[in-house]
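A, B, C, D, E and F are the chain letters, set down in written order, and residue numbers restart from 1 in every chain.
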Amino acid sequence: MFMHNKRLQYTVRVSEPNPVLASLMLEQFGGADGELAAAMRYFTQGLGELDAGRKDLLLDIATEELSHLEVIGSIVAMLNKGAKAQLAEAAMEEAELYLSMTAGGNSHTQSLLFGGGPSLTNSSGVPWTAAYIDSRGDPTCDMRSNIAAESRAKIVYERLINITDDPGIKDALGFLMTREIAHQKSFEKALYAIEDNFPSGKLPGIEKFANIYVNTSQGEGDTDGPWNTGDQWVRIDDLDQTMPIDDGDGTASVTLAKNDAAVADKLAARTASDPESDPETGVDLGAGPGAGPITGEDLGGAEDIKDAAKMADAP
Amino acid sequence: MFMHNKRLQYTVRVSEPNPVLASLMLEQFGGADGELAAAMRYFTQGLGELDAGRKDLLLDIATEELSHLEVIGSIVAMLNKGAKAQLAEAAMEEAELYLSMTAGGNSHTQSLLFGGGPSLTNSSGVPWTAAYIDSRGDPTCDMRSNIAAESRAKIVYERLINITDDPGIKDALGFLMTREIAHQKSFEKALYAIEDNFPSGKLPGIEKFANIYVNTSQGEGDTDGPWNTGDQWVRIDDLDQTMPIDDGDGTASVTLAKNDAAVADKLAARTASDPESDPETGVDLGAGPGAGPITGEDLGGAEDIKDAAKMADAP
Amino acid sequence: MFMHNKRLQYTVRVSEPNPVLASLMLEQFGGADGELAAAMRYFTQGLGELDAGRKDLLLDIATEELSHLEVIGSIVAMLNKGAKAQLAEAAMEEAELYLSMTAGGNSHTQSLLFGGGPSLTNSSGVPWTAAYIDSRGDPTCDMRSNIAAESRAKIVYERLINITDDPGIKDALGFLMTREIAHQKSFEKALYAIEDNFPSGKLPGIEKFANIYVNTSQGEGDTDGPWNTGDQWVRIDDLDQTMPIDDGDGTASVTLAKNDAAVADKLAARTASDPESDPETGVDLGAGPGAGPITGEDLGGAEDIKDAAKMADAP
Amino acid sequence: MFMHNKRLQYTVRVSEPNPVLASLMLEQFGGADGELAAAMRYFTQGLGELDAGRKDLLLDIATEELSHLEVIGSIVAMLNKGAKAQLAEAAMEEAELYLSMTAGGNSHTQSLLFGGGPSLTNSSGVPWTAAYIDSRGDPTCDMRSNIAAESRAKIVYERLINITDDPGIKDALGFLMTREIAHQKSFEKALYAIEDNFPSGKLPGIEKFANIYVNTSQGEGDTDGPWNTGDQWVRIDDLDQTMPIDDGDGTASVTLAKNDAAVADKLAARTASDPESDPETGVDLGAGPGAGPITGEDLGGAEDIKDAAKMADAP
Amino acid sequence: MFMHNKRLQYTVRVSEPNPVLASLMLEQFGGADGELAAAMRYFTQGLGELDAGRKDLLLDIATEELSHLEVIGSIVAMLNKGAKAQLAEAAMEEAELYLSMTAGGNSHTQSLLFGGGPSLTNSSGVPWTAAYIDSRGDPTCDMRSNIAAESRAKIVYERLINITDDPGIKDALGFLMTREIAHQKSFEKALYAIEDNFPSGKLPGIEKFANIYVNTSQGEGDTDGPWNTGDQWVRIDDLDQTMPIDDGDGTASVTLAKNDAAVADKLAARTASDPESDPETGVDLGAGPGAGPITGEDLGGAEDIKDAAKMADAP
Amino acid sequence: MFMHNKRLQYTVRVSEPNPVLASLMLEQFGGADGELAAAMRYFTQGLGELDAGRKDLLLDIATEELSHLEVIGSIVAMLNKGAKAQLAEAAMEEAELYLSMTAGGNSHTQSLLFGGGPSLTNSSGVPWTAAYIDSRGDPTCDMRSNIAAESRAKIVYERLINITDDPGIKDALGFLMTREIAHQKSFEKALYAIEDNFPSGKLPGIEKFANIYVNTSQGEGDTDGPWNTGDQWVRIDDLDQTMPIDDGDGTASVTLAKNDAAVADKLAARTASDPESDPETGVDLGAGPGAGPITGEDLGGAEDIKDAAKMADAP
């Protein structure tokens, strides 16, 4: 059961309205790493959690994130307070209102559609979606997802701090940013308080595949590091020789029942392409007489381009 | 530059078609933790990465995930091969086709809309969205997100293995699951190969807020653990006394220019609610004569419910 | 600031697990009229509200809806408790797990992706989206939207009650349903406590257009009612004669600067269609020799169909 | 069956092109309260309606809204006519075109992706989604949703009028805005022409829960009003004492079959957290030597912040 | 199986950073006609394809599109390189960073959320969705969809070329644009290499309905062309006389079982509207005393508006 | 301006209710290739069209598609008529209603959320999105997109016909399917009535890149066909030798201003990975003692898997 106290967790003092800044702040209100995403990630995990300790932790932090949602939403509301009133009362000339709404960011939609209220969208106006929530019902996954989410929320707050020079907003954002650090610490403790937390789930991996590093991207820039080199890694560089990695031929097949096989053949025959054909096509019908080539020059003085002959020579 | 070899990384041998199972497998094709999400997470990070080592790592794994997308997609295609042909050729009676398509899962949409081809949806038919991608352009965030994503992909493969008894599919899923374990290991190495990786970003937190644990969820079930107890934590239990955590009064305010303030007052006055009123409402107009109460009994034999008097007594 | 007490607002007693029923209950957890939508609708309104009374009301009900989110989510968690454990521990045979997951509804995704935890999706697995939230920052709009939303939430609970015979679930749903009724009553009071609440906003309508009823759908079934008949309505039946309703000619035009006009002409000329042509098309290239007509009979014994001659006779 | 007359319901005269204004107008073309949303809300209701009168009403207004979609879309097309041609013919310098496309709002996407045609997106470029449609197949819900939707559409038109000084556009918007007022009136009549329209659906609420007001948000700002005070309300202020509101203990439980219970225990044991542990974590591995605190000063001259001691003193 | 070579298909030389231009380029990275959409359209088709020739073609082009995704993503990364560093290191004043991020387009979200990395969104920040993918598992549909998609991708590249004056970017875009032309040619060949490719699927149409043109939009502007005139078309102008086109009465009906019919009657009766009523409504309760009409003048000098009498005269 | 006649374009006679079939029919009501998508594709093109002939064509077909939306929606309403009434009146036992709602497909959501009314979702319950609309404001693109869309709509109707044995539904679907064929023919005529329709747009391609076929997918299955072989193609098989196709080195670069370059270096240094390190990681902390390998046998009897030695031998 939730209860609410009208005091905020952190006092919000905004120096002056700024709807464009408000629309940027939405990133942490209705954005992918914002406070609603955080609250709902932990809340949904908490409801399904079997372990008393983690359940308590998840509900504690979920509840705190709701309080942070309120803090950031209050910042947005304060930054929009002037624009909201001006538009509702039409107290400025049309042209002035138009200019104030198209000054940058996505503040136009905030004014037009949401009337200056804080909306659950990100800074581009994209509505919040539960697709942001990656709760999976396995505690070692979920704790890792929470750790990552806290580290992401931290960096977005840092970026918001870097673009704000209103001291009251900076203060509140500094508080919110720091709490993400504290939450990450808690989730790290909770992860490692599970004795056997790697790999996630119950099923171990197949040993011979667990230590392979497949060097799929090659050429200048191939680099060694502890992630692909050392005692615990077998690196595969020659994919042509080693793949497929099983004993098969690398194809996909299915055993069809007789009836299915016959019908599949019928379908294949009906839709077969004729490799010997050279059909007239829509392109032939539609390429007008003026369809000449453009040259590098047409494109604005670009430098000399590799000769077409080179391609023609390719085997 | 990408190149493709028609051999799969792992051979796919499916025993018999099963469109319902195919629709479940889509979770790892077009689902939130599926292979497209993995490939695109690492690929977008790799393009923006400044560090040669991590760039190489990200492109290696992104490319491998594309190969895994091909493996899981090939499993889907094989499981759907019979249904695809039967529907295209209408070789069964209408009623049979209808029954085969409504046998469970979301295979009906797979057949109707996608014609049995592998679609970039999850197992409920929800189209893949880049909202699943949490690349943030900060390597310590991104490596943590990748670690978490790999642990999630691992568990979904484990669940798919648990519901499949086709040995060829189990084999291929076992390979794919194990590769997620290997990738997690690589991303862990890459995270800790950054000397100062906590907290993410550059800005440190405000010290006094970094060690506080706010016990927002109270009552039976409150639990101690390393995430809220011990030397590094200051736990706040009495929120009423300690919040707001700053020196302010816990309200939100903004300094409005004179003109804005006047207009805001005008708006407030125009839309004020009258607390003294007892207005007739739409409910009064619309509650018909038959709107009696239902009792617990009406709801199907539910047990006695707390007396309303109790509520009336509440202060 | 939010606080949480581990007791639920209403005790949840579930008779036995039922993952399919759980997936239906999600409609009120992560669905369009579910508790998150309700909580967020009121919370976002409350943050931007200027009137003390409505602000208090909105935060009261927003907070209560979060508690209801917890109740319905707990029902889901209990209904899924068995399936969650069976899948995580793989304690049943693969085939049994497969059957239990494809027994109906969308429980397969709940198990596969969310591991039996309550997910913020609707009963079809569609992730919750803030597109459901219709807060507009004008109190007479917002109160009307809230009234409508409560009436919708009520009916969805009624439908869930109608398909459940577990007495403990029925009890809890009955409580939740009734609270929506109470909330509707509060929002009705709040709407009519604003003296001048119609139309929304500040700008009155243009009188002559405000009382017109345009009878755009005609034919058998045209019906009179208080919504289009009586002293306050002027009904337009002959659209051809009365439209456009202004003095213009019903076209759309814009005054282009000379340069724009010249370029627009150039574009029109370049992409003009030749009405006199009878071009060969892709259809001509592609219609194979076997493309004969199907008859009503081919479609399965359908009845006689209007003669093509009739169409040919049409002027 | 729909028919179309090339005359608009209202003549559109635009003074000069303005792609940024066009992108704002999209809010009523492809936005949440725009004309497509309106048309589709009523059309889907009309198709399923059993009452002849409401069915006629719904189809009348749905059809009119399609005509309004045409009017607002024509305004957009006229405002974009110059930009469309200039970009298609590349008749300006690259730099000029670039500047004209990044002058504000979301006109860049309108030009790049939609080529200046009216797109079914809102003013932020978010594609229209049927998630906006709240038809529920119960007429008392649906009429209330329609009333609310009309009041919202009215306010968005009002806001667009307030930012436009083109007289022809203002005229057309004034007409469209007023029609929403007329529609609201019709839907109100249709709602109250149902004798027993509250609560929605058939099932009455549980009497003792229908008159309770739960004062969940407390502190300075608690306000009385007709929505929580008076004869018809029992207000609960002391949640701790009165909740859960039933006779239970406020927990959630389910009766598991023996087998399920055993497996659930196994899962709990396997993933238990050890509350006594103080595990080393990723944070310990990753916090570099330079991770010092930031002070309020670092954040840009913010005022003095509550002493950490205060928190440490909390019980 | 995919492999990657660190060389790009086309060298990317960017003259100087420009985050706003970067955000426009995203249209072809994560937009509807962008390279990911292309790659995934062909890849999903290729996996399910039965014809060896088309399968090879689809995988060839899918793979090339991934390489193009890399090229366009690299352009984005280069254009963002300065902004990414400046924000991460906070090396500029807050106000400067704020200004640089709100200079136009959607670059603010690119910086805030994605940290300057290329994101899978379009130029408005809308996340890529698999709803863009229209693979249907029928080769004649799919080839037509591919042809159309290539023609769309071509035009978006053309528009990007038209707004760019950086020669290196123009070069690379010119290459990418031209490749779409080549791909369209290949897909045209593949379509017409299927002997019987029209209509799609196997079922022919009903002959008498296949040649009708229904002239549903009438009035000034009705135009003849090869699409509705000539030997192969029977045009219907008088819809009232010819519709429904079958022998029925143009209604919708279903045969209900007795029980269903009785219940449907009960529902209809319960929710019937009373056409004779003239109910008081919420509007009557809420229209305040000041709700006077606005005139054309209020709307800013609009011209005279058609007299209301005209409407009143309508039959 | 739209008008509506209550007669349908085609009479709908449904034999008996079937909510599961109804939910499948939604694919053409609110699905990607459904009638709303068609109507809106042509309507949005028509509004922006400069050519009188195409504008007329587009509005004709858009309007007809709205009439088809009504036909398919009426089929859905009839199929749901019984379920709608039964659930609204709760005239069956809870258990019966539960069973009827979970009988397959997505009919549960149709009943729960939409009350049996036709909803703008596809057959999986995914809400319709304007992301389906690919209008681009260039007529040669748009006509091609329309041709493709009609061919897709045709195949989905064919699939629906194949699973239905209700003769009245088959009749109506046969009509709708055939109209898509007719529309495709019209759009083909309109495309080729533009003299110069290939490539789309105005800018020609760069000649030397327009005729290259890049054979990116190699290995068994490489196939020749008119799409990659013949006089008009230069095929590139050796990518390593010929790529990048320009004269550059295949890298991406940008010229940074001095200040930007310095900051970028600082960022790179701060977040550099140490390739020489072998850091302890979270995996080391978390891999429990029981994390042994699984064998093929654990996975359920899978066949022998390629020896790990093979991988170890890889260079």
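Here, contacts are C-beta pairs under 8 Å (C-beta built on N, C-alpha and C of every residue); 3 or more make two chains touch, one makes a residue touch a chain.
Everything quoted here is computed from the prediction, not taken from an experiment.
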| item | value |
| --- | --- |
| If a chain touches chain B and chain F alike, it appears here | A, C, D, E |
| Target chain E, source chain A, minimum contact steps | 1 |
| Interface residue overlap between copies chain C and chain D, same or different (over half shared) | same |
| Separation of chain E from chain F, taking each centre as the mean of its C-alpha atoms, in whole Å | 11 |
| Centroid distance [mean C-alpha coordinates] between chain C and chain B, Å | 22 |
| Residues of chain E whose C-beta touches two or more other chains | 1-9, 32-33, 53, 59-60, 62-64, 67, 74, 77, 84, 88-90, 94, 103-104, 106, 113, 115, 121, 124-127, 129, 131, 136, 138, 140, 147, 155-156, 161-162, 165, 171, 174, 184-185, 189-196, 198-199, 201-203, 205-206, 210, 212, 216-217, 221-226, 239, 243-247, 250, 264, 267, 270, 273, 275, 277-283, 285, 294, 296, 299-300, 303, 305 |
| Contact set on chain F toward chain C in their complex | 1-7, 50-51, 53-54, 87, 90, 93-95, 97-98, 101-104, 106, 108-109, 111-113, 115, 121, 124-127, 138-140, 147, 161, 165, 167-168, 170-171, 173-174, 184-185, 188-196, 202, 300 |
| Touching residues on chain A, where the partner in the complex is chain C | 1-9, 30, 36, 40, 43-45, 47-48, 56, 59-60, 62-64, 66-67, 69-70, 73-74, 76-77, 80, 84, 88-90, 113-121, 127-131, 133, 135-138, 201-203, 279-282, 285 |
| Sites on chain E touched by chain D in the complex | 20-21, 24, 27, 31-33, 94, 103-106, 122-126, 155-156, 159-160, 162-165, 216-222, 239, 243-244, 250, 264, 267-268, 270-275, 277-283, 294, 296, 299-303, 305 |
| Interface residues, chain C side, partner chain D - complex | 5-17, 32-33, 52-53, 55-57, 59-64, 67, 74-75, 77-79, 81-82, 84-86, 88-89, 91, 129, 131-132, 134, 136, 138, 140-141, 144-145, 147-149, 151-152, 154-156, 158, 161-162, 171, 174-175, 177-182, 184-187, 189-190, 193, 198-203, 205-206, 209-217, 221-228, 232, 239-240, 243-257, 259-260, 263-264, 266-267, 270 |
| Chain C partner contacts - residues on chain E that touch it in the complex | 140, 191-192, 194-199, 203-208, 210, 212, 223-226, 230, 234-238, 241-242, 244-247, 273, 275, 277-279, 282-283, 285-296, 298-299, 303-308, 310-312, 314-315 |
